[in-house]
Amino acid sequence: MTGRGRGGPAFENPADDDEHPHPLLEVDDLRVRFDDGRDRETVRAVDGLSLALERGEIVGLVGESGCGKSATVRAVAGLHGGDARVDGSVRFDGIDLREVSDESLRRLRATRLSTVFQDPSATLTPTRTVEAHLTEALRLAERPADRSLRASLGFGFDLDLDPRKWGRRDDRRERAADLLEAVGLDARALEWYPHECSGGEAQRVSLAVALASDPDVLLADEPTTALDATTRAEILALLESTVADREMGAVLVSHDLGLVADVCDRVVVAYAGRVMEAGPTDRVLESPRHPYTRALLGCRLDSVGPGKRLPTIEGEVPGPTVEPAGCPFAPRCPRVTDECRNAAPPVVAVDGGDGGECGDGGRVRCGELERVAASEAAGANAVTAADGGALEQCGDGTNGSDRERKGGTKSERQSTDANGTRTAPALELCGVSKRYPLEDSWLARATGRDRWHEAVRDVSLSVRPGETLGIVGESGAGKSTVIDLVTGLEEPTAGAVRIDGEPVGRVNERTRDQLAAVGRLFQHPRSSLDPRQPVRAAIAEPLREAGRDREERRVRTEELLSLVGLEAHHADRRPGQLSGGECQRVGLARAVALEPALVVLDEPTSALDVSVRARVCNLLLELQRRLGSAFVLVSHDLGVVAHLADRIAVMRGGRVVESGPAERICESPTHDYTERLLAAANARGVGTETDSGDRPTDLEEGSQSETETEREHTK
Amino acid sequence: MFPLRRLSSTVVVLLGVTILTYGLIFLTPGDPATVVLQEQLGHQPSEQSVRDFRAEQGLDDPVPVQYANWLADVLRGDLGDSYYGDGPVLELLVDHLPQTLALAGASILVAICVALPAGIASACYRGTRIDYASQLIALLGVSTPNFWLGYLLIIVGALRLGLFPVAGAGSLPQLVLPAITLGTGMAAVLTRLVRSSLLEVLAEPFVDGARARGVPERAVVVVHALRTALLPVVTMIGLQLGYVLGGAVVVEVVFQRPGLGTLLVDAVFARDYPVVQGVTLLVGTLFVAVNLLTDLVYRRLDPRVSIGGVGT
Amino acid sequence: MSVRSTLERCRPIVEHPTLRTLARNRAAVAGAVVVAGLAVLAAVGPVLSPYDPTAQDLANRLRSPSLAHPLGTDQLGRDVATRLAAGARVSLGIALLVTGIRLALGVSVGLVAGYVGGWVDEVLMRVVDVLLAFPGIVLALVVAGVAGPSLRNLVLALAAVGWTTYARVVRSSVLEVRERAFVKASRLTGAPRRRVIRRHVLPTVAGPVVVLATLDLGGVILATAGLSFLGLGAQPPAPEWGTMLATGRHHLRDATWLVNAPGLAIVCAVLGANLLGDGVRDALDPEGEIERKSGGRRR
């Protein structure tokens, strides 16, 4: 089969009309547009996307943020708002959903098509219990005949006045409990309200509600993005087994290729609202054809060894209001030609990688495949060799020696370690604890009802100059509190913090030199910048407080901008005009403005897309090489930590449960919690997850565990 | 641990209310005893009579002692006597309170009956003529002084059409015009609140979550969105009681109803301090009590805060 | 200096995104026009009018509206239109004054409570709670009444009971901003508290305060008129809308214009102020944060 021009049904179901007359779900040339109210421009959220889904199959829809994944899900489920214009066809079991009435669509959602969203607790109604959600879903899924009168009246109240139906209500409660059991929760959860569930529990509840109607198709929109590594693995396993057991089909939307690789049978890679490549998971991951797929795979942390530069994709996803003349990826593509800039690239069929039946390896929308294939044949490693041009790959020559050097210093340091420490550690925590009162009021104190939240318990750590210490743990483990203690925003309840051998106190007790010795990168890059302050002023603030005069500030600000890879013109922008990655760079420039001996990085890569994350990782390596500072890197993402850190400390419940050299921790963990973290992050999904949902801040971490204890009290 | 903490802060606020109420006297220009006696006698009082009055009222004690004595009396239910021989203040309050409560209740009823449908319709048909009309009327309602609205209603409803009595209190028809007058402003505020609250909730992801589960649109609004959207409205209705009590002062004057408002205004102009203090204390206490009640109701309705307010 | 360079200088102000959003909001523009119109009327009306707002002309008592007296005359033969224009001075002037005092007092208290914290915060907030335990108009009535009916006492009474909302909003904004990462980041540079407040906290709090003040304006006009109506503000010969309405109510049967003219004037002023206030809120606070922080209290 050869490619067709743009606009034609390009990515239709591979097995057309042989055994299966039609696939379970078939999306063909879907386009979703809406008008941007302010600028009167057309936003092309989805621009000709196609995919097909069979029973018992999980199809992954992958792409960076802004690629139209969520808009696709909403359009398929008929949940796009009234101002969105949808074209193309969505066929569900042969019925074109674009043709049916709103009411039939609603009934379809109630009975055969379920959706699970990214933020589970936000998609459950806060004023209704889990049981109310489940029984409602069960009731809506019952045959329409049962409730024809109510349905025709248009009421959906949970009021059954007919005594003959009361028995059915008990029955529903029982079935609700069964559903919870099926997703690994016990019947106690029936009484919970959504806010009482942890992230993982809420996602299980959502899944249970989605399964209540025993649907044929499940659409899962980033279902694990907001979850911790271990919970993520559990939810994915649950999803996989459910699809297999119930003979349904599922579409798993994610920005994470690794995660999709673990559970999906086929993968669809989308970019700028279009499909770039589609095919069986193994084929796409092992021999990706499209330059974009290759680049995405290259950005993954396990594509190179720890401490090495990652290949990156330059540039940004094009704005949804621009209509590209040719291939939307062209501006970022390493092997772009004039042809693909100006004309829509053809769709090419790919042979099955391992000679599978039908010879079907999926399809790729790219005109340069011959060249890709040729270079693939020439080069040994598909990823390394294929990436010249804009993909900054340092696989050869000059940069290689850097890597060697870095490796060298690492072993040197280890030998120093063996001989005993020579210099004072850049940072030392001795038996540090921190607890917060749960209820801070005079009444609580007077009545002696004070309860405490132990955020950090007896933590001892040390970081040598020039070394990177990674601290990993799930949310609530006390990582953020450790950072606050190091930077002086909090004071330890017990123990001491020493920087360069000197004990330090709270930030306002520190001397100018002590302040200059520590730089901090905050977790959410954008919120750590004053929205009213231009970049120039933000970067100059620490310099100003350190007493530098105007001229020194100007010169240093320019140096810093180029150091973190920003242009001079960025200096006059405000944070609102910068992308997430650019805000991160400004934050970094601020953190290293005074050339601190110690830089503390709080989740530096969360909330970033894979490609941006790769660039930030490279920047961090580069900065450390130039400045020689010690880094403390805090993250829930074991992959990033393993990639960047020399030593790793694993935290749980406020304690350090294990610490040691990075290789040792990753290869032979001694603590079973570390093992679980590793297992969850491992397989092919290692560290490829980034969080686009907001991670809880340290404050929320506290309250989350409080809610847990509160529940114990109230139940 | 909500109730205990909330109750303790309520006690503190009530104590503050009594201090403020008592302290009001000291705002009066000149010596209160002289001022009061002058009002009572109609001429400059003799020094002896001022001294007697001061001794009798305990005005020579240090201020904290005066306050403590007064507070002790208040706690025993003794609010003093009117300076003008209208009897004990407590009896006056008991006589006048029902009229005001009837007016307040009726106007809240009017307000809710108007505001709920108007606000819901406005939110559900956002951007249509229904929405614009209801918003415009609400805006007019917020901007219209209720004393003028009262006279307008008297001119039209009583004088021109003769449907209702002009003024007075006691019978149901006499309550209609005042209740509409007072209810209008409140209805306007509530309509805007219901609309904005519902719009906000309708934009939340759980509403789409419900649609994604195939819940019929009407049930999405009524069962899922409205309950959450009405939570701030409950608080607002509680807070509006303050507005109603304040507005009642003016409306009672307009319709010449013998309620707390007319009692207060007359007492203020006559410098009948015990009565002023009594009404102020009663209004403050009522308002604090209603706020406490509103909070309790809110906590019952919103599962998110019922757990001791943690985790918000 | 040429006109052009002056224009160039004004440009950053005129093209400020907030003002542009505001200019797109037709209702807000209408409100601004009404308020500006009343201000012009207040300024030039009494000067242009052939009548004296307080001079009595008993021969022309209770004349219904005519060409000579477009809004009729009152029970003492004074021209109602002239008195309305003169009354606009009082009403708008008092509204601005009261709002200004409330703003200054409330912002100071809120900043201190929010940033100092501890027992200072505790005490200040209990004071706020106590003041909020009364319906504002009742407390203002009692305060102004006990202190003696006069315009000065009216202003003080209204200011004394109304600053609490500002204090609450500013305090909670400060508490929130204080926890924001960019303020923490600023603290980590060693910047002293005062500088952190000036550089990061005050600019952030300014928006909400402006919104509150414009929203408050209409309420203050209403309250002023209400208290004057009860006899507590401007005293009878003075031309004030509430006072005019109070004296006009004795002629409900024969001279409805005496009640309706000041009534409509009040509605216009309050409507204009509210439209403007809503517009400013929509431009500066599209999420409705401020109303949430003030506890949903608008009167």
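Lettered A, B and C in written order, each chain numbered from 1.
Assume contacts are C-beta pairs under 8 Å (C-beta built on N, C-alpha and C of every residue); 3 or more make two chains touch, one makes a residue touch a chain.
Given the structure is predicted, the values throughout are model-derived calculations rather than measurements.
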| item | value |
| --- | --- |
| B-C or A-B - the one linked by more C-beta pairs in contact | B-C |
| Middle chain, criterion being Cα centroid separation | A |
| Inter-centroid spacing, chain C versus chain A (mean Cα positions, whole Å) | 49 |
| CA centroid of chain A to CA centroid of chain B, Å | 51 |
| Centroid spacing, where centroids are CA-atom means, of chain B and chain C in whole angstrom | 22 |
| Chain A - residues contacting chain C, complex | 487-489, 507-508, 510, 512, 515, 518, 520, 522-524, 527-533, 541-542, 544-546, 590, 699 |
| Residues of chain B that touch chain C when the two form their complex | 9, 12-14, 16-17, 19-20, 24-25, 27-29, 139-140, 142-145, 147-148, 151-152, 154-155, 159, 189, 193, 196, 200, 232, 235-236, 239, 242-243, 245-247, 249-250, 253-254, 264-265, 268-269, 271, 273, 276, 280, 283-284, 287-288, 291 |
| Residues on chain C engaged by chain A in the complex (per definition of touch) | 179-192, 199-200, 203-204 |
| Footprint of chain B on chain A - complex, ascending | 77, 79, 106-111, 114-115, 117, 119, 122-129, 133, 136-137, 140-141, 151, 154-158, 193-196, 206, 209-210, 213, 438-439, 441, 443-444, 449, 703-704, 706-707, 710-711, 714 |
| Chain B-touching residues of chain C, taken from the complex the two chains share | 126-127, 129-131, 133-139, 141-143, 145-148, 218, 222, 225-226, 229-232, 242, 245, 249, 252-253, 256, 259-260, 262-263, 266-267, 270-271, 274-275, 278, 288, 295-299 |
